[in-house]
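One structure below.
The letters A, B, C, D, E, F, G and H name the chains in turn, as written, and every chain counts its residues from 1.
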């Protein structure tokens, strides 16, 4: 199925948010996530099932003022 | 019955707002009225029945900045 | 002889300041004069003899702030 | 004779400025002097003869901005 | 000249009617200033009393547009009810909407102001909101239906002038087509002239005129300053520069 | 109205004659502003030339007092000789005395200015010194015989307004009875109004008017601002205060 | 020293982490300034990317409190979701809440700000709202549960300093016990010192330091200015006066 | 660090010694501020008196350069004789030359100042003239032999800060290589920082420190502010801009 990750369309066989992060090489990285504009805490990634067309945002620490 | 007019308690035999205004000597004067914090237009004074304890405000033009 | 008039060298047969002004076409014009950085009033022009190398300034009214 | 010292009249038998300073108890103190509005350096005090009516100023270090 | 809700006013000066030494002085201040709008309020009156009736007689002969206010209202409900009474009393849809949020500064309450403005605009009022220079507040007021904005220069009655020049410039720049009136805080004509030079459409004054030693002369002084500032804006002022430039030509200077 | 050496002028605005787009615009700027004094200069003219003669014809029909200047003079000698030529040319004892001490800022030279002022006053001139707000300089100029002072607001042609408000206030306070004219540096009518509110007697302008997009309208704008400021001074303005004070009476406010 | 939500910070200077020429310069700016709080943001990162991870490593070794922001959020929803991601990512309840209402000025949206602040405070966040000096807005933010306020001095990145001195003084006076941080708009250390002299508790800077020719030296300059201003406030400054008063005693002056 | 007549001073802060609550507080103010120069005066002393001797003992242990003044002198003669007494008394060629021309403002007399400076420079003194920002006066003082200038910020003891920013900037720009010290008028550290940001080399203070509630803390506050301003100048500050610019990067902002 197709999922938007940080604005880019990604083809994935789906499953959980955790699986997707793994697949995309985020394991062990300091990130936070939202799906369809809702925050998804790390503790929920294992159980959060993604659906076709979901919009996933993956963010990391960055410079700020 | 007792009615508060511009903050002062007035003893009246009641009736309409129009009657009260008459009784208090407002006939023909340029005023506007509110009862219990609600505006009562001139056109409604004849029909507006006052109840015991009503709070009537009667205002006229005055200096303003 | 040679005289500097408003910064330009002028060849003249000399004589008085009045004569020079005449010769240069200033007759009847609203002007004031100085010779060698000294003011020469209109009343003195007739009698003021010019010498070779004199520096004559002739000014008229002009815009000012 | 009479001498003005710092604005006050002082009766003294006269002599040099050095003598006066001695007499007034300035020996060994950090001061500077002027007589009749003229500065008199320390090196001249021995030889500076005072005259009746002289105005002597004796100053020391003080707070300043 | 400024146009408020379709009505063109013949003067950029709006004047309050409070605090004058006498009715005669009030009337002369209006005449001498040529102010085109008078602000008024609604206050309690007893049956025997004549004050309100006499005041109204005085205002009518000024032949100016009347702008009733909701001065002293701290809640939306108060302000709305007061507006209704004023509309009937003065027979005008115009209302200077004050919803005060802070007692010491008489600062407008942005939240109550927007809500009251929305209610009144929907009810057919033509609202003149007494507001701050806050850009977002002003945008909300316009969205609520206001077609005029009246940002403060400084708190009412202080005479401090324009406290936030940057903010006021920025408001003017963001809403070039909305009539903007500096309401409150002015103390001197030079401040009113400056507001006009900055591109504001009008000023609304009261204390600075009424509390001057000679209110009539001060009223005229403000009127002229306002015209002066507006003309200057129109005449396109020179750009200020750091280095001097001679006005008198150097060319032709005699050598002396 | 200001009195300069015994001559009362009908306006507090004095206007320069340089840098206008055209003679017609110059003339209209004077008419619309009602300026009572025109500053002029003396410059070289050749026999064939008509410029000076035509300019003079223009000025004469303005029917204003003429104040010749010594613009561009850096030495006492230059200034004095120029003053003599100007006195004969314009047939007036009045002279706007400029002795420039610094080329970039066109700042007056306090030292040369006092010396030139002394020489000219002794010679019967009525000197209008272009000076700074320096209190001691101004005292020396008065001692030299000057009966008017013309401190700068800012350097000539900058349009920066009043650079040293404190110094100018202090000058006004120290010489309450000497006619004081703000000469040079003004860019906007609000600045001229402020100078009048501070108690100055007049302003002398040139660049801000001549270099405006519309010099005629700007001239009138300044004229009104100057009147406004002078009237405000006369009308005794309110004292500014930090805390707000309602203009509309609180007494009688309905309970809603 | 300022106490934010029970945490005392060892410095009155808070520093942003953006726009530095290099990570090393960022680190040195923090060291030399002794800033006690660093603001950070959350941004997208791709799987392969290391930027965020490296940045985080850098920040950790600074040993300062981390204050994540919601920079660039224009809606309440955006700001709230961003705050949640930041809380998890940086493992802190602190959030610098920005709800921008106007693109050109980056002015806070008073309405969205209060709503977002209420939601986040109820959810256990410790909110540092980037706000204006508006007294009513600030009161609403305090009622929403904020225990710190961060009014702007001027729009972000302008370096204009304190645009509304009067409004900021009035805010300080109204909330003597609330920690107040000047956030945004400062360009020079003297402006930061002035803010402290006015009684503010801290300043939050970024552009003025990061965009200086030498960010490290500028960071230290601001740090010293902030200390200077805070000490001055504590030391109770003299009252300014209009008339001069000699510092050197006149008594005992010799007659010469 | 500033170099005065070939002597480099370790601090940009110069401090007066008058008006302190006690000698101990004076001494601590110097220690905490690290001021490198102390101004002193000469005053009458009687034979029995010890005041001057004790004061001198106190100053000596401060281990700072001593700059005697001619405070209170109104004539050239007074100032010159006082300078001579001071040179002998303090065994230094340095003299802070004050020739006061106006009693209320304690304004320097430009005319007497230049004359006294010429006499003293010819006589081997190293003159620190207390002057105004007047460009021509300053040029004359340099021509007279002065190698330092000390323009006022505001009249002595007023604490008003920098009254003529434009004039002071222009002085700095015209004499980039002459040590310039702001002498007198400062009331707050932020003003001292601003003077340094404008490029001045040092400040000389007295009243603002001695008359503060806590002179010792205020002395340190000024010292830090002066360093802050000097560092800022060195670090090349950002250019102020009218429009906002986000500090946090917009790139990578999540879509929420």
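Note that in this section contacts are C-beta pairs under 8 Å (C-beta built on N, C-alpha and C of every residue); 3 or more make two chains touch, one makes a residue touch a chain.
None of these values were measured; they are calculated from a predicted model.
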Ask   = Looking at the contacts, which chains touch chain C and chain G alike?
value = E
Key: Minimum number of chain-to-chain contact steps, chain B to chain H   = 2
Query = If you match contact pairs by residue number, which of A-G, B-F or B-E shares over half of them with C-E?
reply = B-F
Remark   = In whole angstrom, the CA-centroid distance of chain D from chain H equals 33
Request  = Please report how many Å separate the Cα centroid of chain A from that of chain C, as a whole number.
outcome  = 94
Ask   = What is the distance, in whole Å, between the centres of chain E and chain H, each centre taken as the mean of its C-alpha atoms?
value = 47
Request  = Enumerate the residues of chain H that touch no fewer than two other chains.
outcome  = 16, 18-19, 39, 41-45, 69, 71, 77, 81, 85, 104-105, 156, 160, 206-207, 246-249, 252, 254, 256
Key: In chain A, residues with contacts to at least two other chains   = 6-7, 34, 37, 57, 59, 62-65
Query = For the complex, which residues does chain D have touching chain G?
reply = 6-7, 34, 37, 55, 57, 59, 62-65
Query = What residues on chain F touch chain E, complex-wise?
reply = 16, 18-19, 39, 41-45, 69, 71-73, 77-78, 81-82, 85, 104-106, 155-161, 187-191, 193-194, 197, 206-208, 210-215, 217-218, 220-225, 227-229, 231-232, 234-254, 256
Task = Using the touch rule from the top, collect the residues of chain G that touch chain A in their complex.
result = 16-20, 39-49, 51-53, 55-56, 59, 68-69, 71, 77, 81, 84-86, 88-90, 156, 184, 206-207
Query = Once bound in the complex, which stretches of chain E touch chain G?
reply = 101-102, 104-105, 107-111, 114, 132, 134-137, 139-140, 154, 160, 163-167, 170, 174
Ask   = In the complex of these two chains, what residues of chain E are touching chain C?
value = 246-249, 252, 254-256
